[in-house]
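Each of the two complexes below includes chain A, the first together with chain B, the second together with chain C.
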Partner chain A sequence: MIVNYRCFNFFFPYLGLLGFRYSRAATVASPCGGHHYVTAPSAKPPQPQAGDVTEKILNQPLEKADFFRVAELFSLKDLFDARVHLGHKKGCRHRLMEPYLYGCRLDHDIINLDQTMEHLQLALNFTAHIAYRGGIILFVSRRRQFGHLVETTAKDCGEYAHTRYWQGGLLTNANIQYGPGVRLPDLIIFLSTLNNVFQQHVGIRDAAKMNIPTVGVVDSNCNPSLVTYPVPGNDDTPAAVELYCRLFKMTINRAKDRRKQMELIHGLSAPTSQIS
Partner chain B sequence: MAGSRLERFGTVFTRVRDLIRSGVIKPKEKPLWYDVYKTFPPKRAPLHVKPVTSPSAKKQEIVPEIFYSEDKIRTGFYEQYGRGLRALDLSKSNFVSTCQRFVDKYRELKSHGMLDKSSLFEETGKALLKEGIILRRRGAPPVLAESRDPVLDLKLIDMLAEQQSAGTDTTKTTEDKNS
Partner chain C sequence: MAALCRVVSGLRYRVRLSPRFLRNSFSSDSGPAESPISGFSAAFDHQEVLRRETQSNAAGPKASSLDPELSFAALLRRSPLIQMGPAKDAVVVGRVFRVVRDDLYIDFGGKFHCVCQRPAGADGLQPGSRVRLRLQDMELTARFLGASTDTTLLEAQAVLLGPLDGREHQIRD
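Entry: the complex of A and B
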C-alpha cells in the first residue's frame, strides 16, 4: 500500500532547525519579546538572541486579526460562481448541518454563504498561521475525482497529501507503522469529510484522538461536530473544489513567504541582500 | 509526547490545555497550533455530539423553504406552456430563460395597470410572440411556418363516405390512394 502513495514521505523524524530553535526559545528566561540585546556579545553566545527574535517572530502575527489578509483572497461572488452554496437533497441532510443552511429550494439544500464566508476566513487564517510557524499540513480527500488535484495542490505548496485508502493505524499507530519518533501533522485539511461509502472519514476521529486540529469542507450530508474549523460548502462540484485548493495553496504560500520575509528583516538567516 | 485520546470528551484544545495545566505536557512541548487556536478560536467549539438514537425525536423544520412571489407566475407559465422550447444554459450567470422573460413581461404589464390574471397571461403570451419567442401550449401541436397540405389529413373512411354520397369524384380517390 505504501508503494501507491505519492513520493511525499509525510512523516519525518522530529529533527531540523525549527525544532532546535523552538526549544532554545523556550529556555530563554524573559518571554516579553526580548528587547534587551547584549551590547558586548564576545562572551555571550548569540543563541538566546536568536531565541528572543524567534519568539517575537512567532508572536507578532497573533496580534493582528488578519495578519496574512486572507479575507482578500475570496469574495461572496466567487463562492457563488463556484457553486459552493449548492447542497444535497433534503433527504440526505445531516441534522447537525441545519444551522449552516440558508434554506431549501424545492428539496434542494442551499448553504448560507454569509456563514461560509466567516468560517472560511477563520479556517484560512488558522492554516496561514500554522504554515507560518512551519507546521506540517496534510491534505486529505477520499474523492477519486479530485485525487490528482489535491496531490498537485499539496506539492505546489510544499506540504503533504493523502488521497488513498486510510489505513487504520496511520495516526494512532504511527510509531509502529513508520518507526519511532515520527512527527505527526500539525493540521489536517479535509477537502471532503466523507469516504467512498458516505460515512465520516476515519481521519477526523483519529485527528481528534491525536489532538491534531482539522479544517474540513462539510457538505449538507456531513457531520461537522468533530471538525475544529468546519467550512460549510459544496464538496462535489469541480469548480468548488478547485476554488478551495487554490485558496489553501495561496494562503500557505503567502504565509511561508511572509515567514521568510520576517526572518530576513530580523536578520536571522543569512541574507543575500539586506532588506531593511 | 503525552496525549489524550478521548475524542468524545471536550475539544482538542481543552484536552491539551488541561494537560499543560496539570504538567503532563511541558510548556516547551506545547503543540504548534495551541497559541493560534487560543488567539483565533473557531465559532463553535468542536465538541463531539452524540447521535440521536431514538426515532421519536422531534422533527422541527428549522430549515425554511425558499419561495419567491414570482413562483406563482412561473407555475402558471409551466402549466400552460410546459417546459419551454429553449433549453436553460446554466453555465452563463447572466442567462435569461424563456420563463424568466415571461415573468419580467408579466410584471411589466401588471405595473401598467392590468389586474385580471387570465388576461395578463394572454397578454404576456402575445407580447412575447411579438418579440419573436415561440411559445407552445402544452399538448397542442407546434406552430409551424407553413401549413400542412389538407389532402394529407384526409382519412379513408371519410373518403369512402364522400364517394358514396358524391358518387363520381374519381380523381380525388386516386390521389388519396397514392398519398
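Entry: the complex of A and C
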C-alpha cells in the first residue's frame, strides 16, 4: 500500500499540492492532500496526520468570533483622542457616507465613533485572519504626507506598500506587466481611498474586479460602496493615520506570531510522520 | 494634543453653564420628593434615562462596564472643540510642528493644521514651540461653479498672535 503510494507520488509530484498556493508550489511539503487524487480502492489516505494538522491549524481560528482578540487593541477614547471622529465640511460630504455620520456641527461633519468601533473591529479581525493564513497584504495610500509612514508600517510587519502613482494595469494587467503567474495581493488596505485630485483611487475598482477584498478608511468625502470592509474615520490628521498604522501593524504581527505558535504546538508531530 | 483655551470672558461662560447640566443629571437620581420638574429639565432627564437604557441594552459588555460618561456622545459634548463654538475669531493655543523657511505649520487640535508666516523678529519659534492663534476657519472650502461638491484646501486658516506667554526669548529644552 505505502509502496504503491510512493510510486504514484513519484510520477505525479505536483498533484498533491493545494491549488491556491500556485506560485509557492515548490516550497509546500508533499504530504498534504495526496488523497484528493487517489482512486477509489484506497479511500483512506496513507499519511493522514500532516494534512489533518494543517487543516486543524487553519480551521481553529474560525471557531471563535474574535480569536485574535483585536477588540483589546483599541478603545473609544483612543479613537476620540486621535481625532478620528472629525469629518470634512458639509459641502464636501458624499451622499453614501450619511449613514456613518453622527451629525453635523456648525457645518462640520462628525463621524459616529460607535459605528467606527464595530467596523474597525471587523476590519482588524479580517486582516488578522488573512495574515494568519499567510496572505499577502498591500498597503495603499496616495497621501504624500503619510507616504513614508505607510511604507515603514508595511516594512515593520513584513508586508507590502504602494504609495506612488498607480499604473493602470497593475492588478488587471499583471500577467503581462509583471510576467505570467504573478501572485496578486490577498488583501489591500487603503489608508486613504482618494487620490491627489479627490477622485476615488483606481485600486478600489480594480481590486473589486479581481475579487481581492479591501479594507479602507473612508472619510466623509469618500465613496464607501466598493470597499469590502469600510472603516468610517478621519484620514487627514497625522494622529489618526498613525493610529491606524499602529493598529494594523499590531494585528498583523499578532496573527503571524499566533500562526508560528500553532505550528510549533501541532508541528511537532508533522515532521516525524513524513519520514515514514 | 494642543489645548484650546479661551480668553477670560469665555471661561466664565463655560463655568456658569456646566453646573446647570450637573444639577440636572443629579436630580434624575434623587427621589420624587423634589418639587415637580418641568420643561427643559424634565425633557433632559427623560432623554438621559433613555440614553442610558439604550446604551446598556445595545452596547457590548465592554461599554457597559465603563462609566456611561465615557460614551461617544458624552466625550463629544465635553470636548473643547464643541465647547468652543463657532471657529470665527476664537483664540486657541497651537504647537508648531514644522518650519519651512518663513512658513510655520501649526497644529491646534482640529482636523487640519494651519500655515502662518513667521512674523519679523520672531526667530525663537521652532518646531515644538507653542503659539497663540486667532482662528478664522477650521477648513478652507468653497463651492466653485459647475462643481457638485466643495473643493477643500485641507488646511485651516488662522492669524498668528504671538508665542504663548511671551516665552520667545527663552531657550526650550
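Brief remarks on what is shown
The criterion applied here is as follows: the second predicted complex is superposed on the first by the 219 of 276 C-alpha atoms of A that agree within 3 Å, B and C clash if a C-alpha of one lies under 4 Å from a C-alpha of the other, contacts with A are read in each partner's own complex, and residues count from 1 in each chain.
Operating definition for what follows: a contact is a pair of C-beta atoms (placed from the backbone, for glycine too) under 8 Å apart; a residue touches a chain by one contact, two chains touch by 3 or more.
Note that the coordinates shown come from a computational prediction; the quantities given were computed from them, not determined experimentally.
By the touch criterion stated above, A:D81 is placed in contact with chain B and with chain C alike.
Using the contact criterion defined above for the overlaid structures, shared-chain residue A:R105 touches chain B and also reaches chain C. Partner contacting the larger number of chain A residues, of chain B and chain C: B.
Of the two partner chains placed by superposition, A:E55 touches none, neither chain B nor chain C. When the shared chain is aligned, chain C comes close enough to touch A:K89, but chain B does not.
Legend: residue contacts after superposition of the two complexes on their common chain; A:E159 is shown touching neither chain B nor chain C. Look at A:G135: by the touch rule set out above, it reaches chain B but stays clear of chain C.
In the superposition on chain A, contact is made by A:F126 with chain B only, not with chain C. When both complexes are overlaid on chain A, the residue A:D235 reaches neither chain B nor chain C. Residue overlap on chain A between its contacts with chain B in one complex and with chain C in the other: 81, 93, 102, 105, 110. Listing the residues of chain C that touch chain A in their complex gives 1, 59, 62-63, 70-72, 75-76, 79, 81-82, 85-87, 109-112, 138-139, 141, 143, 149-152, 154.
The part of chain A that touches chain B in the complex is made up of residues 22-23, 26-27, 58-59, 62, 81, 93, 95-96, 98-99, 101-105, 109-110, 118-119, 122, 125-126, 129-130, 133-135, 172, 186-187, 205, 208-214, 223, 225-230.
Residue ranges of chain A in contact with chain C, taken from their complex: 71, 75-77, 80-81, 83, 85-89, 91-94, 102, 105-106, 108, 110, 112-114, 198, 221, 234, 236-237, 239.
Chain B makes touch with chain A in their complex at residues 3-7, 11-12, 15-16, 27-28, 31-33, 35-37, 39-40, 42-44, 46-49, 52, 62-66, 93.
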